[in-house]
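Letters A, B, C and D mark the chains in the order given here, with residues in each chain numbered from 1 onward.
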Amino acid sequence: MSEWEPKILAFLCNWCSYAGADLAGVSRIQYPSNIRIIRVMCSGRVNPSFVIRAFQEGADGVLVGGCHPGDCHYVEGNLYARRRLSMLRQLLDFVGIEKERFLVRWVSASEGGKFADVVKEITEQVRKLGPIKEKWEA
Amino acid sequence: MKNPYLPNVVRLEEVTEEVSGPRAIKNFKVKKTFDFKPGQCTMIAVFGYGEGMFAISSSPLKELMEFGVLKMGVLTEALHKLSVGDQIGIRGPYGNNFPVDEWKGKNMVFVGGGIGITPLRACYSYILDHRGEYGGIDLIYGARSSNDLAYKKELFDIEKRDDVNIHLSIDRPEEGWEGFVGFVPDNLTRIAPKPDNAIALTCGPPIMIKFVVQNLEKLGFKPEQIYTTMERRMKCGIGKCGRCNIGDVYVCKDGPVFSLAQLQELPNEE
Amino acid sequence: MFSVDKKKLDDLLRAWAKDELYVPCKVGDITSFEVYGTHEIDLDFKNSRVPIKRIMFPESETLYRYESFPEGYKIEPEELDNQKRIIFGARPCDCAGIERIDKKFYQDPADPYYDARRKNTIIVGLACNKPPFFSCFCTSVGLSPHSTVGMDALFTDLGDKYLAESITDKGKEILKGLDEAPEDEIRKAKELHEKADRLLERFEIDNSAMDFDARIWEKEAQRCIGCGICTFLCPSCSCFTIENIGSTRKGKMVRIWETCQFPAYSIEASGHNPRPNRKERVRQRFFDKYRYSFDKFGEFDCVGCGRCVDLCPVNIDVREIMVSVKEAGR
Amino acid sequence: MSEEEMKTKIRDLLVEGKIKFFVGYEKGTNPFLARPVMISDENLEKVDDLEFSVLCSNNLTLYIIEDRKKILPRGVERDERPIGLVVKGCDSRAINVLLQENMIKREDVFLVGLPCEGVVDPNKARDVWYKRSDRLNPEDLEINEKGMFVNGEKIADFDEIEADRCRVCLHRNPVAHDELVWDEVEEPKLETREKRYEKIREYESLSPEKKWDFWKKELSKCIRCYSCKNICPLCYCEECSLAKDQLQAVSPEEKSRRVLWVGREVDLLDNLSYHLNRAMHLAGRCIDCGECERSCPVNIPLRLLYNEVEKNIYETFQYEAGINPDEEPVLTTFGSEEARNEECFL
């Protein structure tokens, strides 16, 4: 790929994964800069139409970060999110938006390192798949 | 071929809040970019939100155009958030106008309710600019509360004049209010303007117009003497998008000003 | 009057394909007008599912774009689409639909976007030797399977040949160079036309018997689900909405097809809706098709193509309703 | 109970005023479709020509919502009596979903169950007719469970014109009913479920490029007429966030907080966004009554999308929509063990 850089949009839950991303930044952990973060109060807040709109507007990958099951500040937000986003992921895959483009990961506030790995993981996966714009304009 | 959909971008010269609170009304002034006749309307575009049709509520002779906007939905809320110096798009003028030339020499009876004052204001300010050519003027205007009366300052100035009698009213009693308390149609019956050589012009919520028209007819006004402006959802303003019809007449093009005689021939979609 | 051998039709179409040529093609199990060469042409089709109005009045088109700059908003009108087009094989009812839409869009002030496409499009019709759908009723609205309203040229299928007849000078211009049609072919075409007329059963539409407050609108509208297929697929329906797409910083005003069957079509900012329920909306469609346009332009806004009868998921049949309106009126 | 007894029962209910009106099927001008009919005390004679046949394709539960949404003129009381309607196997599951979502109460409806062995897809029947393409008048056409006959001569057998959904139907007998028009038919065999998802696994096995090419071709045909939404009994929102074809009269503040996540332009990406969002809104709710695909004027295979989501929900949660009205809708609850399951996707 020439100079194309994958664009990843991340919805990070305010209490865990956003704090984890902060920790990664504060402790100078390097992670790819392709990510753009939107803070949501809970992973359960992520409406499937956000994810679909992100892909439509040209995001090559979407990451949803949430608290580990059982740690959710609102007790069950991430559990609803997991059910809903699992179905969304398979539906997206069914129409041709590859599964690797859409990840959900549980990152707690103390896992700065894990956050960096998650971002590396999704960036490499999406880099292999190529820009989504090509798919839309093909 | 001129493109009728392109708006002129104009700057908001003046924004005054006529009514505060949940049913706020603001008066916007912009430079006059096209001439118009009293009663015509303009399609206002707030970029990012959409377009809406608003009556021009000032006399065509002034060099600033005014329109009064009641906060009612997405577009009007966006308009209310704008301040002096912001830009909007306007295109027009649309619709027919009050036949002010035919009304020369007549006694004018204006009956308005709430935001219905804006088209009336275009007419009575035009007539006040040509005061000599018209007979007596009665301005009957009411709203839910004194706070909801729009253009209060202007109305109190006009009240000082001796050639115009103004009858303001509010729906429910308030302390410090000496005017009539009650609905506009009842205020109209109380004042009982005489129908001979008179024209009645009424605007306001549909339910008010219904009773005002009934009372006017009781007072002896014939359907050709009663005029109103119709409210419909409008998108194009030039009789193309098809939605503002009453019968085979487009309110944006053949209206919004109709005489009761004309309305009675149209099918009654309430 | 010219004669075109079916074997030589392809060369004619290839000559016309220098401009953008639309021909009826089989796409899945429905017919639709596509650019020549992109799909497999299918000339013994019944009628396209979406009428040819879509070529000149697309489902959504941008009117103008706006962008905010430090010195203020800039408005940039969308460039007019002056692409030269030819439509071959349009059915007479769809072409009449275009003529109905012309009347509405060319009413002062004329619509520049539609005008740019319309004047650069040549419409070549194909007469129906047999009414395609059992719901066709073009003869009942003053048209016929070989009417030339809204057309520039009319082709009639004689079996191994086509008889081509030019109607407007645009038609004359593209049929230049074809050999003249002999007398017997012209007579044969006329016979085919009369035969086609006889195959269609006519019923009389009496729009003076339409009563605005009749109970029939309430009864028929009970089944209606307000999906709007009857108007989206109507060759002469041209209602649209103008929506703002984008943010305050940058965006565009877009014109999109809309139908009087949607509640949002006529709801006012105050929430009051002059057509609150299905009854008023179904009645509005009937009155607009058979009364209001008749009072204004002297012709029905309906071209009798039968799509709304065929495709209504709950079988609201305009023929059945107009016949019972006439009987009720007596 | 035979058809005749059922008709007398319906007439009694109407005469005694026990139900507001009855929604059934009647023969219409379209010979391939028995169309819905509302019978109230004004048109009681229509009870006799109520039709219970293979042409009864519409899902009548939609009219419960339609009646609920009717705007009554000022001062007119809403008639709270129950509504009578005919429900096939698939339609009755819609009743259960509406019950699960507290949209209706069981006593709001009087259900006449119609055990069904498959209905005719009007589009298929029409295409078979037009292939013959001579001007037959509809009277001498006869369609029944054996096939399509013209003056007694068979022109198509039943499974050529049967609706796709009926070939893979799992619930032939109504799961909720107060009466039955005739006795229950034999339920399909268990491996029908595998047959149900056969076509979907085929599409799932394609490469992402092929999948996208297929859906790109299909979704560019969409003209956004929203008939798939308007005919769906489970798409009952006062104001649809995807379509904006009906707007609620709410306060200006509420109106201005409406965010439009699905673009309204009729182009490929907005169409994709609309259809994907609707498939997600039907997740764990769609009962495959097939009306969306039948009413779609440009023949988009919508059921593929909704059945894909239905398959995933069934394989992951063993949940089937509209079977048990007391069960929690699948996406609004979670199993107790899920709180300890560290998996990122189920």
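The rule we apply is simple: a residue touches a chain if its C-beta (ideal position, glycine included) is under 8 Å from a C-beta of that chain, and two chains touch if they have at least 3 such contacts.
Everything numeric in this text was worked out from a predicted model, so none of it was measured.
J.: Between B-C and B-D, flag the pair that has more C-beta pairs in contact.
T.: Per the contact counts, B-C leads.
J.: Taking mean CA positions as centres, which chain lies farthest from subunit A?
T.: B
J.: Compute the distance, rounded to whole Å, between the mean C-alpha positions of subunit B and subunit C.
T.: Each chain reduced to its C-alpha mean, subunit B and subunit C end up 39 Å apart.
J.: How many angstrom lie between the centres of subunit B and subunit D, each centre taken as the mean Cα position?
T.: Once rounded, the distance between the two centres reads 48 Å.
J.: Please report how many Å separate the Cα centroid of subunit A from that of subunit B, as a whole number.
T.: The answer is 53 Å.
J.: Rounded to a whole Å, what is the gap between the Cα centroids of subunit A and subunit D?
T.: Averaging C-alpha atoms per chain gives centres 35 Å apart.
J.: When you check subunit D against every other chain, which residues touch at least two of them?
T.: 263 - these are the residues of subunit D that touch more than one other chain.
J.: When you check subunit B against every other chain, which residues touch at least two of them?
T.: Each of 72-73, 76 in subunit B touches at least two other chains.
J.: On the basis of the stated criterion, which chains touch which? Give every pair.
T.: In this structure, the chains touch in these pairs: A-D, B-C, B-D, C-D.
J.: What residues of subunit B sit close enough to touch subunit C in their complex?
T.: Residues 1-7, 9, 11, 45, 47-52, 72-73, 75-76, 87, 89, 205-206, 231-233, 235-236, 238-243, 245-248, 267-270.
J.: In their shared complex, at which residues does subunit D touch subunit C?
T.: Against subunit C, the touching part of subunit D is residues 28-30, 33, 35-38, 43, 58, 62-63, 66, 70-71, 126-127, 129-130, 133-136, 138, 221, 223-227, 230-231, 244-247, 249-250, 263-267, 291, 294-295, 297-299.
J.: Over in the complex, which subunit B residues touch subunit D? Could you list them?
T.: Interface residues on subunit B, with respect to subunit D: 22, 71-74, 76-78.
J.: Give the list of subunit D residues in touch with subunit B in this complex.
T.: Touch list, subunit D to subunit B: 251-253, 255-256, 258.
J.: Using the touch definition up top, name the residues of subunit A that touch subunit D in the complex.
T.: Residues in contact with subunit D: 47-50, 52-53, 56, 68-70, 76, 79-80, 82-98, 103-106, 135-136, 138.
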